[in-house]
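A short write-up of the structure that comes next.
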Amino acid sequence: MIELKGISKTFPSQKGNQPVKALQNVDLHVAQGEIFGIIGRSGAGKSTLLRLVNGLETPTNGTVRVDGQEISQLAEKELRYARQKIGMIFQHFNLLQSRTVWKNVAFPLEMAKKPKETIRRKVDALLEQVGLSDRAQAYPSQLSGGQKQRVGIARALANDPKVLLCDEATSALDPETTSSILDLLREINRETGITLLLITHEMSVVQAICHRVAVMEGGQIVERGEVKSVFGNPKHSVTKQFVQQTEWMQSSDFPVQSTEKTRFHCSPDEMQDVWAKIGPAVQSGRVKVSVSERELKADGGMTFLIDGKREDVEQLLDSLHEEADLEVNVHV
Amino acid sequence: MIELKGISKTFPSQKGNQPVKALQNVDLHVAQGEIFGIIGRSGAGKSTLLRLVNGLETPTNGTVRVDGQEISQLAEKELRYARQKIGMIFQHFNLLQSRTVWKNVAFPLEMAKKPKETIRRKVDALLEQVGLSDRAQAYPSQLSGGQKQRVGIARALANDPKVLLCDEATSALDPETTSSILDLLREINRETGITLLLITHEMSVVQAICHRVAVMEGGQIVERGEVKSVFGNPKHSVTKQFVQQTEWMQSSDFPVQSTEKTRFHCSPDEMQDVWAKIGPAVQSGRVKVSVSERELKADGGMTFLIDGKREDVEQLLDSLHEEADLEVNVHV
Amino acid sequence: GDKDEEQVLEVGATQVPHAEILEQVKPELKKKGIQLEIVVLQDYVTPNKAVEEGELDANFFQHVPWMKATNEERGWHLKKVTGVHIEPMGAYSKKIKKISELKKGATVAIPNATSEMTRVLLLLDKEGLIELDNRKGDKKLKNIKENPKNLKFKTLESAALPRFLGEVDLAVINTNYALQADLNPVKDALFIEGKDSPYVNVLAVKEGNENDKRVKELAKALHSPKIKKFIEEKYKGAVVPAF
Amino acid sequence: MFNEIDWATIWQATGETAYMVGISTFFTALFGVPLGILLVVTDTGQIWEKHWVQKAVATVVNIFRAVPFIILVLFLFPLAKFLVGTSLGPTAATIPLIAGAAPFYARIVETALREVDKGVVEAARSMGSTRFQVVVNVLLPEATSALISGLTVTCVTLISFSAMAGVVGGGGLGDAAFRFGFQSFNDGMLVTCGVLLVMMVQLVQWIGDWFSRQLDKR
Amino acid sequence: MFNEIDWATIWQATGETAYMVGISTFFTALFGVPLGILLVVTDTGQIWEKHWVQKAVATVVNIFRAVPFIILVLFLFPLAKFLVGTSLGPTAATIPLIAGAAPFYARIVETALREVDKGVVEAARSMGSTRFQVVVNVLLPEATSALISGLTVTCVTLISFSAMAGVVGGGGLGDAAFRFGFQSFNDGMLVTCGVLLVMMVQLVQWIGDWFSRQLDKR
């Protein structure tokens, strides 16, 4: 869906400044329906890379293809149609100050000349989804930072894009809103097969939603691959530092590719029995068990999550239930 | 140091909008030298609360005191001096577009009429600390999002403030830069006894740096206290959701108030023996044990962290060492 | 013409004294079934252009030399119907009482309108203050051959001349402006154009319209004793009837 | 002195000024806005980079602004005849007034549009808006507040410009102040016309400020 | 026809225009900027809310903008005498030019300053800047680009305004074009003066645009 080949981008020098080599010989391929994450330090060139995809920047060298079309070669009109299919969430929101929240979200639909009724329905639904229905008539200057970002998200989704570019779409949001937005994106991805290219510095976001991830440093992609393999076995020093600093985090609300999920708690005196069951199950590789709260509870016990195929999970749960005094609370 | 009493803030209604009750009867006391975190959903009133502290907003009701002075009662001149001692990092950076990075950081020093040489030294040092020495002569429009935020941070610190207000100071930053900024803030806090009031939605930041935390919802503080007690035992539903969604995260790089810290790994067959030791130790309350990686390793085993007074930790470690086949890797 | 049907006659004029004089003949023409519309204009080109192009039926603001020059330069076809009055130009001063008191290097203010330049220079030449290279054709400041008193000339907007009288040693001022500034041309002028001046203000029309009945009525009305009396009483010698 | 005030003349002059300024403000906006838009969008790095259009428009605008008003009046005489059927009177006076004020307002529009946040224009472009849509739905609405206060400045300038409408018999308060007040040494007329002019300016300013404030959403 | 061009007159007129416009642009900026600042900072919700100052300044500005230029000239001649020692000639003409243009530029300054991001002003206030520092170190630098392009507009307006300097014998190109060109039916003079005026405007515009672009850091 997105294909960057041999991309370089240099910002020319300006009075008192060296020219900035923001990107150097970057190749990137994102498949249709994929959720692709880009991480990297501040100034690594992430935003610049993203902006090339919808032609907001033109590469100094190399070609950018989206959906088979070479973006930099498109005529004005084709570029416009191409762009209507590429949504973008900006790092700095870029909302129209003169329009209300509602009208901001309606903007791309109006531009695409959608019928009034369609616009009304779509906008109302989107505002509902991002939790801003009650602020629909407010102007951007009256919104908090996170509210602005949510408007930007709703706006980017309005036109049912095939590709969505997200520049730190959730970095101004609290965890709860973040998780609801990620749920929304994942759902749209599943339902419509939208391709997502997202920049973030929150490992948890990558972890929660991305299929693949690329790590950027100094204008280059220094590491890339499946999220688990990159984070599980970081090679480049930048990735290592990232992984080390942001602990591997996996909560019940961010299922990766799990099919079923179950949570149970056991106290220390049950622990020995439980361990006898889950130790071998984990070693067999059929289920994954993780700890849902990191700190041991005051009773010395722990809450675990089981993740895996339905039958495997059920089998383990059944074997745990055999222990008479084991409390198992199942949340699907 | 900071004392809010019975604060309410209502933004008057505007055409087509209801009036917004951004804050309702909020009390807050932050002690000198304390690092105080505020968390809450988007639109909860966090930014508004922060802006009251340096008088950018005036409360509809209630009093704001900083360093014993009632901010809303101060004469122009006193307010100015008071403000020079209150640094602020803005959610939207608010950099001067017409000044270079260097001149932006120099701004508060120039305003306070510091000698040229002092300014030069101070600014160079700060840019070094936030890692922007090489972009010193760039203009804000030529910076990436994270770079802008770092300029804002350097600027807020330039005047050696006694109180620092941070509105999502690290939310646009990658984990590595975040951690270096947090280190910097912690260091300054330790060295100069600066009081920090910071808004964030990253639990890891609160965890890493804050002494106390307040949780806001709908313009009110719904929960507050020591970070550990609030997060360890969340009472309000918002806090619970936050804690649940952002799992309790504690890495070796973010020591909270621990005195000693030790990490050890045990395989499933050692687990029963280990549990027999740590279960009672946790119940006794003398040490805290937490899990350093959430997911069980392929061998079905786990890595644990022990936290507590040196003698208690050592005692537990000794008892664990008694088991011949137990590998204990100690990182202090 | 039909007595019942009112005929409109549009005449362009400058405010003082032309429009004021025209105002006096309105009732007279009304009786003849002619409604006189006075269009007050402020510069010296527009009224002629408007008459040439048929926007106006006639105008009343200029003297014959100006009309001739305009016709020559633009190829227009304005024609004098009749002369009405002369506005003699005079020299005034607040610093001296007699022209002989004028010092060497004195400043003399004169109107900046090119239409008045020749007239002013001829007047100064006649009074012996300067000598022109010859006395025919249009004159500009550079046509001054001799300037024995080494006079310095300042060109100002005609209407502004009286206001700046105190600033200069001598000012040559159109009588209408002098009058408005409470100067008495008869008493206060150090010298003034004689009645022999060619600068009679005329009622003018486009060639071929001079026999228009309405214009003829207007010309007749302007030459009435009533108007003569009006001019003499109102302008007290500053504007002199030329009929 | 004040008893010499000719109220009939004054009211007529007030009407003439209101008429001329009203009409010419309307047309000034009508021509000035597109010209200003052209000046911006055709410039380097803007959404419709076309150097020759930029140069052409800039030159025309500069020519009209360079020519003194009085010459403009006399040159546009035939145009007035053609457009409004007469070359004399208040209606004809609006032609040079518009010709003088539209290029001026175009420059103000240009400045206002250049102030619009580039990020917002980028966002609109990235959503596949046409250039026309960017102008109509982004540039103009985002700059409305500045456009209105610029129009206020222009309208006030037109009020004082219209004093020169006397050249073509347009009349108006400024002309009346000059002719019946100043030239005729009638201070009563002068002061009355002056006060009315100031009141008119004040009124325009109030209305302009009010709209500008209403439309400023920042 | 073109051989009748009186070059000596033209060069003198060019010099007079340059002189008058140069001086009056300088002083227009000198008075216009503080007035514009006052108009902004004393307004509701601004850093030095003082309603009576706002009203007073706004009224003075409006009065000067309401009075037609020609009347301004004649009213200000005592002032010219007092300030520059003469009430005639180009130097004297600068006084009414400044009086006419400064309030006009003040309004443009006002518009430009109101466009400055409120967040940045807030940031400066929160760092304990004095109001004066906010004006000098934030408002003006952040608005420089708009201030310069506004000054360009004003300067061009002054060029065409200066045509009326003939009232007090100021002369200049506009006056020459009218008197020696238009009134004297000398098309050569008219066109030459016209071309020089347009060139002057173009020059001012180029310089202004160049500075404005240099100073725009967004």
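The chains carry the letters A, B, C, D and E, assigned in the order they are written, with residues numbered from 1 in each.
The definition used in the following text is that a residue touches a chain if its C-beta (ideal position, glycine included) is under 8 Å from a C-beta of that chain, and two chains touch if they have at least 3 such contacts.
Model, not experiment: these values are computed from the prediction.
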item	value
Shared chain contacts [subunit A and subunit D, defined touch]	none
Shortest chain-hopping distance from subunit A out to subunit E	2
Pair of chains whose C-beta contact count is the highest in the structure	A-B
Centroid comparison with subunit D (C-alpha atoms), farthest chain	B
Separation of mean Cα positions, subunit E and subunit C [Å, integer]	36
Subunit D and subunit E, separation of their C-alpha mean positions in angstrom	17
Centroid spacing, where centroids are CA-atom means, of subunit B and subunit C in whole angstrom	87
Length of the line joining the C-alpha centres of subunit A and subunit B, rounded to whole Å	24
Residue list for subunit E, restricted to those that touch at least two other chains	70, 74, 175, 182, 218
Subunit B: positions in contact with at least two other chains	92
Where subunit C touches two or more other chains at once, by residue number	43, 45
Set of all touching chain pairs, with the criterion as stated earlier	A-B, A-D, B-E, C-D, C-E, D-E
Partner subunit D, residues of subunit E touching it in the complex	58-59, 62-63, 65-71, 74, 100, 104, 107-108, 110-112, 114-115, 118, 145-146, 149-150, 152-153, 156-157, 159-160, 163-164, 174-175, 177-178, 182, 190, 194, 197-198, 200-202, 205, 216, 218
Residue numbers on subunit C that touch subunit E, as the complex places them	43-45, 69-70, 73-74, 109, 112-115, 138, 142, 154-157, 160, 163-164, 167-168
Touching residues on subunit A, where the partner in the complex is subunit D	54, 56, 79-88, 90, 92, 94-99, 107-108, 110-112, 139-141, 155, 159
Contact set on subunit D toward subunit A in their complex	117, 119-120, 122-130, 133, 137-138, 141-142, 144, 215, 217-218
Of all residues in subunit E, those that touch subunit C in their complex	6, 70, 73-74, 77, 81, 86-89, 166-169, 171, 175, 179-180, 182-185
